[in-house]
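First subunit A sits with subunit B, and in the next complex the same chain sits with subunit C.
Right after this comes the complex of A and B.
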C-alpha cells in the first residue's frame, strides 16, 4: 500500500507518477492491448487495399494475404488512366464547393432565425423545412430527374449540386438552430446595447461564435458531395461532367472484384482526397461535434 | 490564266477552311454502355466498335457513356421510369427487362430494318419482344461446365457425361482435398445456371411451362432438381462455406486449381484463357443429361445475350444512323476483335480454345432457355435467386421454399391455368 504515500508526496511528482504507473500497470496493459486490437480493426481495412493493389492478378489469386513480391505500379497507372482523375477532380471540386455555398449560408441563416426569432409561424416553418430531412433521395429520384430535364439543368454540374443542397439544408438548419439556441442571449443583448443592429449581431457576434458548427458543416458537406454516387449517376450523362466517384464506380463496375489488384488501386485513388481532408480537418470535425453536443 | 489560278487558289483555300464544317458530324448517337472502352481483353469489342464505326461514318458522332454494372441498369431504370432524357441506344441483355421498357412505349421498333441481319436465332429472339425486334445481340453467352483438365488428368478422372457420374467424380475430388465445384453463392445469382440445368434435365421445358403458368414452380421437376442440388451441397461439393464465397472468389478457386469445376456462363472464357489470370488449363463442356429417367438432353442449353444493344424512342429522328450502328455492331469486322465471347455473327472465328469449345456447345443447341432472372418479370426475379440461395442452408425444406416462391408468382404473374 506504499502507493498511497507516494501520491501524498507533492514535491516528488515524477516519482508519484511512476508510483501510479506501477499500481495501474496490469490494467493499463490490458487496456492498451484491447485498444490496440480495436485500432487494428480500424487500420486493417486501410492497409488491405495497399496489400492487394501492389500485386499481379495471379500473385493475388495464390497469395492474397502475403506481402507483395514487387510493387505493381501498373495497377495504379491503369486505374488512374481509366478514371481520368484530372477531369473528375475539377468536376467534383466544383460540385463540392457549389454544394457548400448553396447549403451552409441558407442553413445558417434559417437556423439563426429559428433559434432567435421564435414564434408560432417560425416554428411551423421550421418543422416544414425539417420534413425534407425525412425524405430519402431514392424516393424522389424519378420526379427530380423529370424536373431537371424539363428545366434543362440535367447533365450540368449546378443541376447536381442544387439538389444536393436541397437535401442538405434541412439537416444543417436543424444543427445551426440547436447551436444558436445554445449560445447565451446576453451576448446579443450586450451588442444591441452597444448599438449593433440585427445584421451586425448576426455577422459580428453570432456567426464567429458558430465557427465550430460551420467548420463541421463545411467538412461534412464536402465529404458528402465528394462521396455522392446515386445523384451523380442519375443526373449526369455527359462523360465530361462525370465526378470522381462516378468515374471510379464505373471503373470498378466495369472490372469487378475479379480483378482485385486494379480494383484496390482505384479504391485507394478515390478514397485518398477525403482521407487527406479528414486528416487535415479532423480537429475541426471533433471540435464542431463536441461544441454542439456539450452546449446542447 | 493568272486570274484563273487565283480563283483556283481561292477555291482551294475556301475548301480547306470549310471542309471541317462540311464534313463534321451532323448526327450524334448517345450510347449508354457497360464496359469502359479501354484495352482490357473483355473491353476490346466495345473499344473497336466505337473507333471502327466512327472511322467509317464520320458524319455520325458517337457519344459513348460507360456506366459499368449496376450503374447502367440503375440509370436506365430511372430514365425509363421518367420517360425523359433517354439515350439513343443502350446496352441490354434483352428479355423481360427490355420487354418492360418496350411495353412502356420507350423503345424503337426496328423489326423491318434488322430482321434480315445475319446472326443466330437465339440472339435475335433475346432482342425480340412480342414479335418486334428492338436491337441486336452480337455476342451470346451459354452456361456450361468449366473443367480443370489438369486436375482431372492427375486424378485419372473423366469429365461426367451423365449426371449420375457427378457423385463418383466429386467424391474422388473431395477425397483428394479438391473442391469439386466453384460457385460464388454469396452473390446469389451464380447458383442459378446449375439449377436451371437440373430442372431442365428432370423436366424438359418445365421452366417455360411454369412461366406460361401451365405448371407451378413447386411441381416435380423443380422440387427434384432442388433436392439433388441440396444433396450435393450437403455432401460438400461446393466447399465448406459456399455462402461465404462471392463470384470473384469462385473465379480465384478455379484460377488457382483449388476447385475442379465451375458451372457458369461462357463470358468467363476470356479470363480463363488469360495467362495473367490463371496458370491452369481449363476446358468447357456442355452440361450432361441423366442416363435414365430424365427428359432434358445435353442439347438443351441455358444462356442469353452477352452484349446487346437496343434503341429508344429518343432516336426516332435518327433511325438511319441507329440502324447503321446496329448493323456495324453485327459485322464480322467489329466482332472479330473480341477475344473470348461467343459471337452470334456467322464468320467470326473463336480466338481461344475455350471460346471455340463454348461456341461448339452453342452451335449444338437445339433449345436455348434464357436466364430466368432476366426473362421472368422483375417482381419475381430477386425472390427466385433468394429461393435458390436458401437451398444452400442444410435445414431448408426445398419443397416449402419453392411453394413460397410459387405463392409469390401467383400474386405477381398469376395462378396456374387449368
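Right after this comes the complex of A and C.
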C-alpha cells in the first residue's frame, strides 16, 4: 500500500488479454475505426495553431478556419520579437536544467539508501520524505513566497527551480527506491567483498546501473519544469525573468485576438520541445508516468 | 543499527564499519532532507501560523485566531470554489473514467498494430503545457473565431453561431471541463491499459470458449479486476479537482462571475492579487485538510483490496 509501482523498471509483462494473432474480426475493425476517429479528435486541436500561425492578420480576421493561402514565416519572427522568445527560452532552459540538477541527485541518493540500507532509522526518514509526496503545492504558496521575499530570492530563476526541485524530490525518491530494490544484489556484494566502500559501490556500480531510471527522470523533470505555470506565475514578477509559458499566457492578455497568428506562432514554439520529446520518447514517458501511479 | 541489506559481511566487520555506514546513510539522505525542510516542512508549519494572522506582507501581523476561516466560509467566491471541487470531482468520475475505461478496453481487447500508436496519441494532450492547452481550449470555444462558432455559421445554426461559451455562466464550467477531459483522460487510459494487460490470458480464453462477447467479458471479468484501479483513479480525480488551477484560470480566470472558480484560483486571488496572506493561507489549510482526507480514503481503499 502506498508503494510506488515498479512497472517502469521491469521488463514488459506479456500482453495477456490482447488477442493472439488471428484474422481481424469485424468487431475489431469497427472498434479500431471508432478509436481512430476519437484519436483524430485528440490530435485535431494540435493542428489549429498551425492553421492560424500560417495566416496574415487580415486573412485570419476574415477566414480564420480557411486553408491558409501561403505560410507566413513572418508571424514566427514577429512573435519571436514581440515576446522576446529568445529570452523566454533561455529562462525556461535554465529553470529546466536547474530543476534536473537539484531534483535527481538528492532523489537518487536517498532512494538508494532507502532501498539498500533499511533500518528503523531510515524507515522514519523515508516516511518523512514521503509526506512531501502528498502535499499539494497550493498549500505552501503563501509562506513560500513570503520566505523568498524575505531572503531576496523571489523573482530569480533559482528562486523558482529550487522549490520546484523540492516538490519533485519525494516522487523521484520513490521511483529510485523501487528501482534500486529491483536490482540484483550480487554485483554490489562482490564489490564489497573486494573491499569497495559504500561510496565506490554507489558511484561505480549502482549509479551506472540506474541509468534507465535516470534517463526517465531527466526527461520527465524536464517536461514538468518546461510546462510549469502556477509556481512561475507566483514567484516571477519581472518580465525579464518570464519563462516561455508566462510569456505565451501574458501575450493573449496583452493583445487579445488582434494578434492571433503571432500568438499561435509563439504557442507552437513554446509547446514544441515537450511535444518533440514525447514523440521521440513516448514509450519511456508513459512507462515512467505509470510508475508514479499508486500501487496496491 | 544500520545494516546493508543482505550484507552479513558488513555486520561482521564491527563498529568502525558500522559508524561509516551510519555516516554514509546520513550524508545520502541529507540533501533531500535539506531541500524538503526549507521548501516544504517550514512552509507547511508557516501556513498554519499565517492562516491565523491578518497581514498584507507589508503591514504588521496581527493575530486574529480563526477569524480568517470564519470570513472564508462567508465568502461567496471561496464557497463557489469549494462547491466546484465536488462537482468537478463528481463529473470527472462519472464522465472521464467510464470514457477512459472503454477506450482502454477497446485498445487492449482488440490489440493490433494501431494500438500502441493510438495509446500514444491519447496520452499526447497530457504532456502539453497547460498554458497551451488553455489556449487551444479558447480557440475551440471563443466567440467570433472559435471553431464551434464557425461550425455554427457554416451550418447556419444561429444559436451555435452566436454562442459565447466561455462568457456564459451556464456553459463556462462545461467548456473548461471538456478541455480538461481532452487533456487529462489520457492518464486514466494508459493506467487502465496497464492494469488490463496484467489480467491473465487464460481468463479471456476461457471466456471466449464459453461464448462470452467482448462486452460480457469487459463487464464480468475486466471491470471487477480493475475495481481497485478505478477507485484509485476516482481518488486522483478528486485530488485533481482540489488542485485545479491552470486551465480554468487561463481560460476564464474563474469567471464569468464565480462560474469556474476553483480553490486554487481563490487562493491565488486572495494571496497574490489582494495581498491578503491570512485568508490565502487559510485556503491553503483547507486544501491540505481536504487532500489529507482524500489520501486517507485512498489508503483505506488500498487496504480493502480483495483481489
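We adopt the following convention: the second predicted complex is superposed on the first by the 208 of 296 C-alpha atoms of A that agree within 3 Å, B and C clash if a C-alpha of one lies under 4 Å from a C-alpha of the other, contacts with A are read in each partner's own complex, and residues count from 1 in each chain.
To be clear about the criterion, a residue touches a chain if its C-beta (ideal position, glycine included) is under 8 Å from a C-beta of that chain, and two chains touch if they have at least 3 such contacts.
Note that the coordinates shown come from a computational prediction; the quantities given were computed from them, not determined experimentally.
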Contacts of A:57 with subunit B and subunit C, given as first, second, both or neither: first
Touching partner for A:141 - first (subunit B), second (subunit C), both, neither: both
A:65 touches, of subunit B and subunit C: first, second, both or neither? second
Touched partner set for A:37, first subunit B, second subunit C, both or neither: neither
Per-residue touch tally on subunit A - higher for subunit B or for subunit C: C
Subunit B versus subunit C as contact partner of A:260, first or second or both or neither: both
Contacts of A:252 with subunit B and subunit C, given as first, second, both or neither: both
Touching partner for A:82 - first (subunit B), second (subunit C), both, neither: first
First (subunit B), second (subunit C), both or neither touched by A:239: first
Residues of subunit A that lie at the interface with subunit B and also at the interface with subunit C: 64, 141-143, 145-146, 149, 230, 233-234, 246, 249, 252, 257, 260
Complex contact set, residues of subunit C against subunit A: 1-7, 9-10, 20-21, 24-25, 28-29, 31-33, 35-36, 38-40, 42-44, 46-47, 50, 57, 103, 106-112, 114-115, 118-125, 127-132, 134-136, 138-140, 142, 144-145, 147, 150, 182, 186-187, 190-191, 194, 196-201, 203-204, 214, 222, 228, 232, 239, 242-243, 245-246, 250, 263-264, 267-268, 271-272, 277, 280-281, 283-285, 287-288, 291-292, 295, 298-299, 302-303, 305
Touching residues (chain side subunit A, partner subunit B) in the complex: 56-58, 61-62, 64, 81-82, 141-143, 145-146, 149-150, 154-155, 230, 233-234, 237-239, 246, 249-258, 260
Interface residues, subunit B side, partner subunit A - complex: 30, 32, 34-36, 38, 40, 43, 63-71, 74-75, 78-79, 81-85, 87, 246-248, 251-252, 255-256, 271, 276-279
Subunit A residues touching subunit C - in the complex, by the definition given at the top: 1-2, 7, 13-19, 24, 27-28, 31-32, 34-36, 38-39, 41-43, 45-46, 48-49, 52, 60, 64-65, 102, 105-107, 109-110, 112-113, 115-122, 125, 128-129, 131-132, 134-147, 149, 162-163, 165-167, 169-170, 173, 185, 189, 192-193, 197-199, 202, 223, 226-227, 229-230, 233-234, 244-246, 248-249, 252, 257, 260, 263, 267, 270-271, 274-275, 278, 282-283, 285-286, 289-290, 293-294, 296
